[in-house]
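Shared between the two complexes below is chain A, which pairs with chain B and chain C, respectively.
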Partner chain A sequence: MRRMKLAITGLTACSGCQLTLLNCEDELPELLGHCELVYFPLAESGNVLDVQFDAAIVEGAVSTPKDLELLFKLRNASTHLVAYGTCALFGGVAAMNNRVSTRRELLRSVFGAGEKLPESFPPVPLANFVSVDAAVTGCPPEKQEIMELVVALAAGTLPPARSYPVCTECRSHENLCLLLEKRELCLGPVVQGGCNARCPATGIVCEGCRGPVREANVAQELELLLERGFGRDEIERRMSRFKPEWDYGKRS
Partner chain B sequence: MEKTFLKTSRLNQFLETLRLFGELHGPTVSESGVHRFSQLHDPAELQLDYRRTQIPPKKYLLPFREEILHYASGSYSEGYAGAGDLVLFGVHSCDLEGIAYLDRVFLAEPVDTGYATRRSRLTLIGISCEPDDFCFCTEGMESSSCDLFLDAVADGFRLSSHSARGTALLTAAEQLLEEGPPPAPRPSGPRLLPQDPQLRFSEHPLWRRFASTCVSCGACSVCCPTCYCFDVREYPSLSGGGTRIREWDNCLFASHGEVAGANFRPDRLDRLRYRFLHKYCGFTPLQGITSCVGCGRCKEVCPVGIDLRELTAPPEREER
Partner chain C sequence: MGSVVEIAPLTRLEGHGSVRVYREGRRVERVELQFIDSPRLFEALLLGKSFAEVPEIICRICALCSTVHKVTALLAVEDAFGVEVSEVTALTRELMLQAGMIQDHALHLYCLVLPDLLGVRGVAELARVAPDLLKTGLAIKKVGNQITETAGGRLIHPVNIRLGGLGRSLTRNELARLRDELQKVLPAAQEAHRLFNTPFPFPELPTPDFLVLQPAEHPLGAQACSMVGRASFPLRDYRQHIEETVLDYSNAKLSRVHGKEATVGALARLNLHPDLEGGAGALFKSHKQELVGKDMRGNNLAQAIEMYHATERALRLIDRLIELGPRQEETAAPSPRAATGCAACEAPRGVLIHSYSFDSQGICTMADVITPTALNQGALARDLLALARGMEGEETNRMTTALERLIRCYDPCISCSVHVLSL
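Showing the complex of A and B:
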C-alpha cells in the first residue's frame, strides 16, 4: 500500500497542536507505517516542500507574509488541507486583541519603540485565504480527535463531525453546572464539545477554547451572563479569548 | 402475616444482604455536590433523602457513549462488554417508570442486545419519595416496575415484592424482617396523560419564545429518564477495520434531523415541536403513550427555564 504523504506545520502559533500530535506515542509507530512525514519541521530535519501531499495539517493563524506564502504553497500542493487547532480555525489567542488594538500598537508594546518592527497583520483563520477541507478544533486539540482525523485520511475518508456543545458531555458526566448552580461565567452552551468537558469537570468554567458550536445561541448566552451580573465588556473579553469575532445578536 | 417490615435500624444489614445479588449502587452525592447513582462502598454514602439525581438510571442500561461494533477485514464483533450483576437501590417511582418505558423501546423486536444483557442483570429496588417544586408526577402513585419497593414510614420501610427476584430478596433478608401489615395498595404508574398531537402545531406564543431562548445545550434530554435518541458514528482504524460507537443525541441539535442534502427539522422551532410530540404524545409504535414520567429534571437543568408542559395550557391573556 502506498503511504500517505503528509505535511505538518504551523503558522503564527505556539506549536502546541503539533506537540499534541507528537504526544500520541501509542499510535505513532503504527501511524508511520501508513504515512510518510515529508514535511514536519518541528519534528525532523531534511524537509521537502516541492512535492504533492495527500494532506497538509496546518496549525496557527495567518499573521505574516511568510505565513501566507507557506499556506498558499501547501494549499496548492495538497489534496486535503486541514485547519488544525483553534488558531487555524478562528484566529485563537493571537487574535484576541484584533478588535481592541491596532497591530502597530501591539508590535510596539512587544518590540519597543526604537526597533524596526516585523511585518505582520492581524491574525486570521486559514479559511480567510484558502479553502479548508477538514478541521480539528481545540487549544490544544484532543489527541483522540487528531488521531481520528489522520487515521480517517489514511483510510481515504474524513471522520464524522460532533456537533454538540460542552454542556452535553458536562451534564452527562454528572458535573456541577457552574453556570446555573454557581452563576459563573461559563461558555459551555455555545462552545463545541468533544473535550469531555475537561475544565468544568474540575470546577473551572468553560473558557471556550474549542470555538463556537454549530448554531450557537450567542444572544441567549449573552443574556444569561448579563442576568448573572457580568458586564458586557467582561463577557466580550472572555468570549474573544479564542475567537475575536462573535455575532452577539445571533440566535441560530 | 408476612414478614415485610424493615426497621430503619436494620437498613445497613439489609444493604449488606443485597450485595449477594450484585454490585450495590444507590443515590450518593459527589464531591461537588451533585446527586448521582454510584457504587455504594459504604452505607454511610447513601443519600436516601435525595430529590433527583442529575442523570437518571438509564446510564446503567444505555451508557452515554459505548462501542457497539468492531470490524476488520472479513469479520466483525459486537462490542458489548459483559455486564455484571447490579443492584440499584433507592430508585424513585418516576425513574422506575422511565426504565419501564425504555424496556418497551429496547426490548421490543428487534431486541437491542446490549440493553437486554444489562437489563437482565439489573435488580431494581424502588423507594417512596417526597416531591419538590420541580416534580410534576401524580402524587401518591407508586411504580411496580421494580423487583422490590420500599415504602418509607416513620420507623422503617414496608416492603413489597413485584417479581420472582424480589421474592428471592425477601427470602434472603428474612431474618432482618418483621411481621407487618402489607403496604397499602397504591395506584401504579405515575405517567402523565398523553396530549393531543395536534397541539404541537398550536399558535401558542410560547413556541416562538422557547425557540428563541433555547440554547440547544442538550441538558433536557441528557437528564431525561426516557430520552433514548442516539447517534451512531464510525471511525476507521489503522489496521483496516473500524469501530462503531453509539452516543446519546438530542432532538434539539441541528444535526438530529439531518440527512444527506437536507434537514427534516431545519430550525429550532421545528425541533421543539418534534420534542413535544415525542415526549407528550408518543409516536409509532408507542403512539398515544407519553414518555414523560414527571421527574422534573428537564425543568431543573434548563438554563433558560423552558418547560414544554406550559404549551398544553391555554396562553395567558396579555395584559394591556
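Showing the complex of A and C:
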C-alpha cells in the first residue's frame, strides 16, 4: 500500500489535539507504517510544505495573519482538510469572549498599553476561511476518534459524523442526571456525544467541550436552566466557553 | 557583510517558535529567540468569569501541562477562599502531578530528544530504526497516561479534580492496577539514565542561576521560591521579585528574577533539592559530577532521573491511598469572598505560579500566570548566544543543528509561555 502523505499542525491552540495522536501509544508504531509525516513540526524535523498532501489535519482556531497563511497553504496543497478539535471547528476557548470584548481590549489588558501589540483578530473556525472536508470534535478529541479518522483517510474515505447528544451516552451508563436530579448547570442535552459522557460519569457537569450537537434544542435547555434559577448571564457565559455563538431561540 | 540565519519553525517541541542568528562575517552579533504562538490571552479571558470556571478554562493554556495548570489553579482559588482538602484529595492530586512528570519526561526524552541521539528526523523514523527503544519510552509514558486518565477522568484537560475535592475517588482495584503497571515500567525507568547520559557535542555553556520552589517535600504546599546564592522569597511576594518585559519580536514576555535570567526545571530541582529518596536518590548520587553546578546540557539526564523518581514516588502515593481506602467525602462548595489567592507547583518544566483576585461574588478581577517557559526564556536566549559565539566559523548547518538541540535541552513549552499577564 502506498503510504499516505500527511500534514499535522496547529494554529491558535494548545497542541492538545496533536498530543492526543501521540498519546495513542499502542497504535502509534503501526500507524506510522501507514503514513508519511511530511509536515508535523511537533514530532518531526526536516518538514516540507511544498508537496501534495493526501490530508492536512489542522488543530486550532484562526486568529493571526500567520495562521491564515499556513491554512491557505495547506488547503491548496491537500486533497482533504480536516478540522481537528473544538478550536478548529468552533473557535474553542480562545474565542469565548468574541461576543463580549474586542480583540484590542483583550490584547491591551495582556500586553499593556504600549504601541507594540501582536497582530491578532478574534479567533474563528477554519471553515470561516476555507472548505473543510472532515471534522473531529472534542477538547481534546477522543483517541478512538482520531484513530478512526486516520484509518478512514488511509482507506480513501472519511469517518461518519456523530449526531446524538452527551445525554444519550450518559443515560445508557445510568449515571445520576446532574441537570434534573442535582439541578446543576450541565450542558449535556445540547452537546455532541461521543465522549462516553466522561464528565457526568465522574459526577461533574458537561462543560460542552465537544460543541453543539446537530439537532440541539437550545431554547429548551435555556428554559430549563432559567427555571432552575441560573441567571441568563451565567448560562450564556458557560455556553460560550467553547463556542461563542449559539442560537438561543433554536428548537429542533 | 551582515547575514541572518533563520531556523523556522523550530521542531520537536511544543508550540511555534523560531531562532534568528545575526552575523557580521563570521562573527555572531546577536541571536533572537521568537515564540510566535498566536496569543490566546487567557488572563484577559478569565476576567469576569466565576471562580468555579477559572480552573476549567485555564488548563487549556497547554495540553501537555494541563494537569499541573489545573491543580495550581485549584490551589490558588482554594487559597483565596480558605478551602482545605482531605488527605485523599491531596494524595490524588499529587499522584496526578507525578504522572504528569512521567508523561512529560518520557515524551520529551524518547520522542523528541532520542531522534537527535540517533540522527533521525523524528518518531516515524525512530519506529523503523529503534523500534524497541521507542516502545520502551512509550510504555513508560503510557503509565503516566493511565494514571492521569484514571484519576483525572481524562488524559488531557482532566475533569475529575475539582474545587475542594474529587468528582469520585479511585477504587481499590483501580489503584492496584495502576500499581502493577507502574511496577512493570520501574526497571525501564531506572535504566533510562544510561541512554540520556550521552555527552553533547557542543562547548560549555554559562552556569545557570537555578530557581525552585520550597519546601520540596510538599509538592502541593509551596511557600517560597529560592534561587542559588540568594535569600529565598515568599511565594506571595513573587511580583516584587519577578519582572516581566514585553519583547517586540516575540509573543511571550521575558521574565527576570532578581534581575537575572533564572533557570527552572529538572536540573534546577536536582541542584537545589539533592536529597531524593529511594533508588532515584542513589542514582542521582552516582551522577553528581555531571549534574551539580553544571549547565543545561545536563538537563536531559536530570529528566531521566526525575522520571524514575516520579515512578517511585507514584508507587508510594498509591500505597498510601490503598491504605486509606476509597472514601467519598462530601466536597463543601467554597463560599466566595473578596480575596486574592496564590499557589505554585513544580511543573515538569519548572516553577509555575498562578494568582487570582475575586470580588465578593467570586467573579475574577485579576488573573496572573507565570510559566516555566516564560521564566526559562531569558536563560535560553543567553545560552543560544553563547553557543552560537562558541561555534563561530563552523559550518552553518552544524551550528543550527546544535542550536536546535540546545533548545530541546530546555524542553520549552511555547503554548504555555505565550499568554502572559495582565498588569
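Here is the rule we use: the second predicted complex is superposed on the first by the 251 of 252 C-alpha atoms of A that agree within 3 Å, B and C clash if a C-alpha of one lies under 4 Å from a C-alpha of the other, contacts with A are read in each partner's own complex, and residues count from 1 in each chain.
By definition in this document, contacts are C-beta pairs under 8 Å (C-beta built on N, C-alpha and C of every residue); 3 or more make two chains touch, one makes a residue touch a chain.
Quantities reported herein were computed from a predicted structural model and do not represent experimental measurements.
Undergrad: Specify the outcome, clash or fit, for chain B and chain C once both structures are aligned onto chain A.
TA: Overlaying the two structures gives chain B and chain C room side by side.
Undergrad: Determine, under the contact definition given at the top, whether A:V51 touches first (chain B), second (chain C), both, or neither.
TA: Neither partner.
Undergrad: Thinking of the overlay built on chain A, is A:G188 touched by chain B (first), by chain C (second), by both, or by neither?
TA: First partner only, chain B.
Undergrad: Quick check for you: in the superposed arrangement, does A:G33 touch first (chain B), second (chain C), both or neither?
TA: both
Undergrad: Once the two structures are overlaid on A, work out the angle chain B-chain A-chain C from the Cα centres, in steps of 10 degrees.
TA: An angle of 110 degrees, rounded.
Undergrad: Which partner does A:K66 reach: the first (chain B), the second (chain C), both, or neither?
TA: A:K66 contacts chain C only, not chain B.
Undergrad: On the A-aligned overlay, A:L107 touches which partner chain: chain B = first, chain C = second, or both, or neither?
TA: After superposing on A, A:L107 lies in contact with chain C but is clear of chain B.
Undergrad: If we overlay the two complexes on their shared chain A, which of chain B and chain C does A:C14 touch? Say first, second, both or neither.
TA: After superposing on A, A:C14 lies in contact with chain C but is clear of chain B.
Undergrad: On chain A, which partner touches more residues: chain B or chain C?
TA: C
Undergrad: Is A:L226 contacted by the first partner chain B, the second partner chain C, both or neither?
TA: neither
Undergrad: Closest Cα approach between chain B and chain C after superposing, in Å?
TA: 9
Undergrad: Please identify the positions on chain A that touch both chain B and chain C, taking each partner from its own complex.
TA: 33, 203
Undergrad: In their complex, what parts of chain C are in touch with chain A?
TA: Listed in rising order, the residues are 9-16, 36-41, 43-45, 47-50, 53, 56-57, 60-64, 66, 107, 111-112, 115, 121-124, 127, 131, 134-135, 138-139, 141-142, 145, 153-157, 159-160, 162, 167-168, 246, 248, 251, 404, 415, 419-423.
Undergrad: Could you list, by residue number, the parts of chain A that touch chain B in their complex?
TA: So the residues of chain A touching chain B come out as 27, 30-31, 33-34, 148, 151-152, 154-155, 157, 159-161, 163-165, 167-169, 171-177, 179-181, 188-190, 203, 213-215, 217, 220-221, 224, 251-252.
Undergrad: Would you mind writing out the residues of chain A in touch with chain C in their complex?
TA: Spelled out, the residues of chain A in touch with chain C are 10-20, 22-23, 25-26, 28-29, 32-33, 36-37, 40-47, 60, 63-64, 66-67, 92-94, 96-97, 100-101, 105-107, 109-112, 114, 116, 118, 120, 123, 139-140, 143, 198-199, 201-204, 207, 209, 234, 237-238, 241.
Undergrad: Which residues, counting only chain B, touch chain A once they are in their complex?
TA: It is residues 30, 32-34, 36, 53-55, 64, 212-219, 222-223, 233-240, 242, 248-250, 253-255, 267-268, 301, 303-304 of chain B that touch chain A.
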